[in-house]
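Dropping the structures in below, format is structure tokens.
Two complexes are shown next, each including chain A; its partner changes from chain B in the first to chain C in the second.
Our next item is the complex of A and B:
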């Protein structure tokens, strides 16, 4: 988490994740450069350096599309959550592939000239006032710079150093990079309609990402807008029935301002805690209590139920909220206690057995989760 | 419709134990990803337009061509008819993205020897001067007939693409199009003769050497239009087998 940082914290799952990415990239490059020329005379006739720049460029575009799809896919279907955990490595590999593409371009289109390559990159085409013929390479350079910055700052050291809001804002620039890449391709290799599959790929990428983000955003906005009903007393909300909460899981309510509050059940006690992880704003209410710690589903950041603090040596803290039962209804105060304040969890009167799992429902209703395996082991 | 499946079990990447449902789904996803990437690679690799059949051709070996050098609009070697082959005007360029303007300086109108290799696609070819001979005043002491004067072919409006004659002839495959625009500009500013590759034959030719309206080199302002399909107007003339288009107007 925020201390004892290592350059890369490897574990078996990360190794498998990275291995799949590298194998996928290798299959792509081998198929593009070695198999396609055996199947197509046209592909065989293309200069090898141009074929290389096409291979690495199109792979970088595909990988960037996949990186950007992981977030909304994980929000829409929790089966994609394992992709989210190591998404930074996906991004770093994408930046490396894009760099290989750029080097291939420089070493061919901008080589063999008295003008130095980098100078030629910015001076050979200056038709900035035209759409057809616009120096699309500059857009690729801009995107590559963004990807490089994001790759360089992907480690949690930078998250801690820059603070999560700044880091998150910085890394949202990946969408700018994607836009620049789309224009880079549209104004360059796609222009003139000489490559129908590339045109179809770019259109499919833009349509897929737009749809995924719109659907996800609509669901999130609906959840934000649908405040939980107020309780009888001012400053409290009714987040649901205690029977809806499975052992070690949570339901999520929303205060009138849209602030989401997760209510976890752990060993017949209830804990109300902010739904927003201090790491990357992950939805803690969709997490689980693992070995006594409330655990975010995105990257596994953990918090103690009694005070919302990460266990030492970590220093993350999130808000806790007062909670009470009105019959079987769970009511939560909309004003949190100060960060780090110890607040005894609420014991459920007469409860001795875990609640039955309740299927999840779509927003704007409360969300509950079924229990997972009870024997997860935390490796960190 | 909800996209949320039944809860497959809680899993975070640092857990040692992977729930069976998560493992199964992740493995299926990994296999699908690798297969999709392989398929996408093949589709994308074979999709682009065929780059043409241009290639380097070493017709001369270590030998040379002898002819009269003309330097306007770009260095041309006027080779007289011989052995049943009609007279021809051979465009000259250097071995990289440079022309032979420096080597040709002072040789305008002289009999010269030119060695090197050709790059050729269809009727478009260019001699890339180099090798042991390079470009030099002829040492053979031959007296060649004066080349025929330019034959005016009238004013034309032609559709096609401005590119450098070297890449268009096959030095790069593909050597045309907007993706190649910066490279074409580097070549043309370096002195490589620019050509207009036409969408339909003009007087039997698929390309024309480009010149300014006054017969000089192509003005730099036209570099803004390289690589795109455009229409140009100007006067066409023939020198031996080579058509030259003196550009007056590039249509918007």
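Our next item is the complex of A and C:
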């Protein structure tokens, strides 16, 4: 967010995304409450309030697993990018479902406590020295606190206020929350192997998420290690051949220090720009040029090719790099020009601009399909 | 993503991938035992250990 605070910059994509989430959550709760007693003899014997807390608890765990899978899936396959677009709403709804679970637990198990319910929750069981019987509720409370803080700071106001590196570091605590939730379930309903189905689901969640995140991290490390070869002159790197760059798309090189640089082709011109979006560090080089603006594939943040600045009234800026051609090889300087400096795009000798408007293919993310360059940047 | 973020991310998930399966396994195998101050008369089936 760069201009003014709007609670939520709603658009059709966000409405559809949230509607699907809420309807999906409601269908899950109804299905759980109706099917569990039919499928499990044990579930048929438990009271309705316990069944409800199980329904909301399992839904919160499922949603947390899904929301943590979106990031690596979008890195591995661009077809998952639309899920990334409104991931923060997914996280907020997950926190709300988890809160409902916690309230249901307090209202049932601590309804007649002579002490305040939260105090009773923390003092009823102090067997911290054992695995079976460990006060697992405290791990759930810890995870819920983290989810609440992340939900409260999920708005772009906080992203701007805290700066992207601090905001990203804060929001990485969701991994700790996930670990606490797994332990909460393992030491609670799973303890002693009482529920094999639940055990299998938790094991599948841990295995899937760990595999996805580690495989994605390995790919990113490989990309970091594969720095672009140096050009003949010091301070320049060879990013690739101009013929490799499709119209309105980019190739990505890496400077020796690891900074990734995207080279976009737009009509008969080339532009070298930082591959890191100033919004959430999204990979700009995997985006495209939409109506003359370089557009990040994650949330649709846009930048002018000539100076790396977002169009008014937005104020985001990213670095641009000097660029030249050596034959058909694209060479980029490893030192950027100062932020906001106007640098003419490099004209490809002999190339001609398309006579008709640039053909647009289906965008990887929903933001690129929006009508203008600045309509939904006040995201939440 | 920036490099430090990627490094922290990889370290976190390596730790989670190692620790969580061990913790889950330990909880599955753990035998319940009564606490030292458990009351002598209980409605649940008797378990090993404890004062009861």
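Assume the second predicted complex is superposed on the first by the 345 of 380 C-alpha atoms of A that agree within 3 Å, B and C clash if a C-alpha of one lies under 4 Å from a C-alpha of the other, contacts with A are read in each partner's own complex, and residues count from 1 in each chain.
FYI, a residue touches a chain if its C-beta (ideal position, glycine included) is under 8 Å from a C-beta of that chain, and two chains touch if they have at least 3 such contacts.
Everything numeric in this text was worked out from a predicted model, so none of it was measured.
Undergrad: Which partner chains sit in contact with A:272 here, chain B, chain C, both or neither? Use first/second/both/neither.
TA: neither
Undergrad: Quick one: classify A:224 as touching chain B (first), chain C (second), both or neither.
TA: It touches chain C, and chain B stays clear.
Undergrad: Taking the superposition as given, does A:74 touch the first partner, chain B, the second, chain C, both, or neither?
TA: A:74: touches no partner chain.
Undergrad: If we overlay the two complexes on their shared chain A, which of chain B and chain C does A:144 touch? Say first, second, both or neither.
TA: Neither partner.
Undergrad: Which partner does A:187 contact after superposing on A: first (chain B), second (chain C), both, neither?
TA: both
Undergrad: Please indicate which partner A:287 is in contact with in the superposed arrangement: first for chain B, second for chain C, both, or neither.
TA: first
Undergrad: When the two structures are overlaid on chain A, which partner does A:62 contact: first (chain B), second (chain C), both, or neither?
TA: first
Undergrad: Taking the superposition on A as described, I'd like to know which of chain B and chain C A:42 touches: first, second, both or neither.
TA: In the superposition, A:42 touches chain B alone.
Undergrad: After the superposition on A, what does A:130 contact: first (chain B), second (chain C), both or neither?
TA: Both partners.
Undergrad: On chain A, which partner touches more residues: chain B or chain C?
TA: If we count touched residues of chain A for both partners, the winner is B.
Undergrad: Under the contact definition given at the top, report the residues of chain A touching chain B in one complex and chain C in the other.
TA: Overlap of chain B and chain C footprints on chain A: residues 127, 130, 132-133, 187, 191-192.
Undergrad: Spell out the residues on chain A that touch chain C in their complex, using ranges where they run on.
TA: Against chain C, chain A makes touches at 127, 130-133, 165, 168-169, 172, 175-176, 178-179, 182-183, 186-187, 190-193, 199, 202-203, 206-207, 209-210, 213-214, 217, 220-221, 224, 258, 276, 281, 283.
Undergrad: Given the complex with chain B, which residues does chain A contribute to the contact?
TA: That would be residues 11-14, 17, 20, 23-25, 27-29, 31-33, 35-37, 39-43, 45-47, 50-51, 54-55, 58-59, 62, 66, 76-83, 85-86, 108-110, 112-115, 120-121, 124-127, 130, 132-133, 135-137, 187-189, 191-192, 194-198, 201, 287-288, 290, 295-297, 299-300, 357, 359-362, 369-373, 375-380 of chain A.
Undergrad: In their shared complex, at which residues does chain B touch chain A?
TA: On the chain B side, the touching residues are 2-19, 21-22, 25-26, 29-30, 33-34, 37-38, 40-53, 96-98, 172-174, 177-183, 185-187, 189-190, 223-229.
Undergrad: Give the list of chain C residues in touch with chain A in this complex.
TA: Checking each residue of chain C against chain A gives 1-6, 8-10, 12-14, 16-17, 19-21, 23-24, 26-33, 35.
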